[in-house]
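Two complexes come next, and they have one chain in common, subunit A, joined by subunit B in the first and subunit C in the second.
On to the complex of A and B.
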């Protein structure tokens, strides 16, 4: 397994009655050799990782174990083996719930309520008094951009609006960790961009986000780190770059446009880091590169020293989707 | 103890007091929320229709001559109210407490709050019991009002039995609603097949049904009016009223504890 995870941050001060703030040195989230069975079926298999600040993308195909992992973290399931802890306490316990804001995948609400009433209800259930709940509700609704549309009944909301209200209820108690299950499903491109900006702004305030998605493209720009799940196992974790660099069997494909493409090719074709070179037309090079972290500095030096003009330099298979495919291929060997 | 330790203890006590206060506030809000949602559900309509029908039956029955408390109890209160309406009220609200939230997939929102699961269960149960009690009292009041002046005496005699019966049935159906996916169907099957069948069997087999103890309480309370089961006493084998009361209390407490235990450990995998 490929693994590289940042350490946890500290969090903000106490401002809520039932909600406590994480201030110890324990990791915010820790999975220790966690397995979960559903009868004879294994949902999650010996998963270990720690979660730190920033956005972590949880990626995997259907049935990979993403939802099981999220439910374990949200305290909806108990591990069959191992331990899931949130801020030093077991995720299943009531104490852990105050640290976690959970936005479930399920599209269910108290439909008879307005969006505002629903979020306020969740605030009250987190132990805030009437006035504090009101303030929290308005703040959470403002955060998700629903302040002016929150008085309509939930049953009349569009999918995107419902998603925002679900997110608002997860934010209303100002948790340290926000767990979001498939937030981009059914959201239009504009809504997606807005949600992604919201996620970014949350992390800028020191929040930890775990975002599950099967839309891999969005994770390229959204996630600081990713967890790749497959068949219940954690296949890889770390930044996309770290994971890509470690996939030695799959050289990085690099596309370069230069006015002296042939000349450039002749200079780098003998480098041991370059596995293949293909010249297309007069100005386009396609390279297969090993150990990109060594290749790019060396390539930069060459370009500067020899005065090559590079019009375009693009990696074509360093996206989350491409890396996920490679990781899955690697996993198939085990 | 040093001054800083005293201060620390005081702060800790204050913090735990705040926490208890907010926990109480959260539980109270859950209770009110559950009460409001259950009351504005279709279950209330069902209870209203059934109560209206029962009142019409009592109204027709009250046209007879030579009415007595014994007749009122044996022909109306026991078969219509105790054996039918009270269990139905309890099924309506008992199973919809946790079961309704589970069916609507909104239970997840209660399980992600820091309110401990036992308190979630108890708040829900309390809301269900409140509504079942309210309907039991309202329907008994309406029926007895229509059968006045006998009804007033009947209320005095039978309200403890019917109230306790409502509590025991609510506890039972709340457990079934929390434990089973199709809690309402299981509860209906239990009431009409198991309780109906076992409760009317000769011998001591009927002692496993709640309706038996409820009937024993009613017969004991109405003994001065010679209220007795329709089948022979030798076949019915009633227990003393005090025993029946204790058994119903014990059943309510045991079922509540079983429900709390089950709900606290249960993983609801079907919520998303």
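On to the complex of A and C.
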């Protein structure tokens, strides 16, 4: 199991057990054994995955290869080996770029331009004629909530406003796939919440989002599935729940508060799914469980049948941050 | 706000060719240069030279018939309507352009590399060759607007103010010279600036590198010519090489003169410099720098 988490897909094309496919929908983005190196430095190493609808989080430490992967997808880099395809065409072709909107992490604008002029210029670069560029600019600015502030010069914008303008230029050509690199960096909590709501509204319209972030806590609520990267490799892929279920070496920690904690402990201590039980005080129980997807239904049945009153049921290491730590520990073995 | 509530409809139409993206980049580049007050000084210098020459042509046309002596006096400021006169005018305008490009290069090209703006361009529906072509066109537009367009205006003015329109028929080589010299300057300066700015994107190092090429190298070449007594060292001056090619365009090469005999060498060196610059530029158009 450990090996299956840390191993990238083999050259025979067999997927890692952690890679899950979205049913029925053809992948919008496909990476097939992609490697990219810069001289002696390898940026991405034999990465294979598919992106479908919804929000996918791209998580990893600095230098893990996230930006390289994003730029391969956005068609700004060509892979040294393997193939990157977007909607069935090679990612670095102009046709593929029609489907991708890229919001980079860099904050580089022509500072003397207004936000509106900048987005309109990006629309013209994309191939819209003057009238269409104007219409699309207004639509994109409305979507990111910058219509009333778009005539100010970019140099006078706050960090959050600059981020919105970057998003607007990524949305101006109505792409199917939106790639966002570190969108929440430097944004205040209110701004983050607004951006996350914007991302969700985009996916509700059928867009596919790939969001790269260091802020793991927010990936818990934002991302439908995640890709963990480390040292250029894809370490794990799937929903957080799926990945957590597979981390057998790291049983899930569950905290339970019940008035009959000791009774409850005595009933479940012999279960094969329960690796450890610790009673703290009179009403608190700490469990370590394997295969949570099997444990919880069985636990629920027990609670209902025996009439236990559960005041609190909390998993303490099922967050993106905790899973990321476990995955990185496993990856260190290889 | 949900986009559906605002009544925006999806766009249904044909996107233009990626080559059409060149025009917004050229326009943005021109506005970047024209917007900065610091560049107005240099632009004013070029404009002054043009207006002075324009006025001299007009005055000469008005007074030449009544006062031939005065007309001869005006000829001493080299407003003669010959190829040499236009060559000298474009050379002076080109010098102003060269100064302008030294300072504008970091704005036009360097900032794309230094601050990461290249990602925005390459994320559009365009490829490297479109981006490179557009940036070169932006620089060429500046060069042509300062050198070739004013020279063409002066050519038309001289012809219209001459005794008859035979001036145009009798001097077709001048038109070829203006366009040819302007094109050579535009292409060479654009490639050189784009290549240098991609390697040294910041303003001060860019100006210093530019100065080395156009000031230091000619001085070194001149000293080496005196030391070795070999005129071939003059070829180190790229600006002089461009002028020699310009002379060829105007048909005013005089192979009995020392510097004009280097024209054949200049005709090889200038394209070689352009090729090297193009290779450097294409290699540098990458979105991610190699991790050091």
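The working rule: the second predicted complex is superposed on the first by the 308 of 334 C-alpha atoms of A that agree within 3 Å, B and C clash if a C-alpha of one lies under 4 Å from a C-alpha of the other, contacts with A are read in each partner's own complex, and residues count from 1 in each chain.
FYI, a residue touches a chain if its C-beta (ideal position, glycine included) is under 8 Å from a C-beta of that chain, and two chains touch if they have at least 3 such contacts.
Keep in mind the model is a prediction, meaning the values are calculated, not measured.
On the superposed subunit A, the positions of subunit B and subunit C overlap enough to count as a clash. When the two structures are aligned on the shared chain, A:39 is found in touch with subunit C, with no touch to subunit B. Contacts of A:174 after superposition: subunit C is touched, whereas subunit B is not reached.
With both structures placed on the common chain, the touch criterion links A:271 to neither subunit B nor subunit C. Looking at the shared chain after the overlay, A:126 reaches both subunit B and subunit C. In the superposition on chain A, no contact is made by A:308 with either subunit B or subunit C.
With both structures placed on the common chain, the touch criterion links A:76 to subunit B and to subunit C.
Looking at the shared chain after the overlay, A:286 reaches neither subunit B nor subunit C. Which of subunit B and subunit C touches more residues of subunit A is settled by the count: it is C. Using the contact criterion defined above for the overlaid structures, shared-chain residue A:136 touches subunit C, although it does not reach subunit B.
The intersection of subunit A residues touching subunit B with those touching subunit C, taken from the two complexes, comprises 38, 67, 71, 74-77, 94, 97-98, 100, 102, 104, 106, 108-110, 112, 121-122, 124-129, 169.
Within the complex formed with subunit C, the subunit A residues making contact are 38-39, 41, 43, 63, 67-68, 71, 74-77, 92-94, 97-98, 100-102, 104, 106, 108-110, 112-113, 121-122, 124-129, 132, 135-136, 138-139, 142-143, 145, 169-170, 173-174, 201, 205.
Contacts from subunit B toward subunit A in the complex involve residues 18-19, 21-23, 25-26, 29-30, 33, 37, 40, 104-106, 108-117, 267-269, 271-272. Contact residues on subunit A toward subunit B in their complex (touch as defined above): 17-19, 38, 67, 71, 74-78, 94-95, 97-98, 100, 102, 104-106, 108-110, 112, 121-122, 124-129, 169, 181.
On subunit C, the positions that touch subunit A within their shared complex are 1-4, 6, 8, 10-11, 13, 15-18, 20-21, 23-25, 28, 32, 35, 111-112, 115-117, 119-127, 286-288, 290-291.
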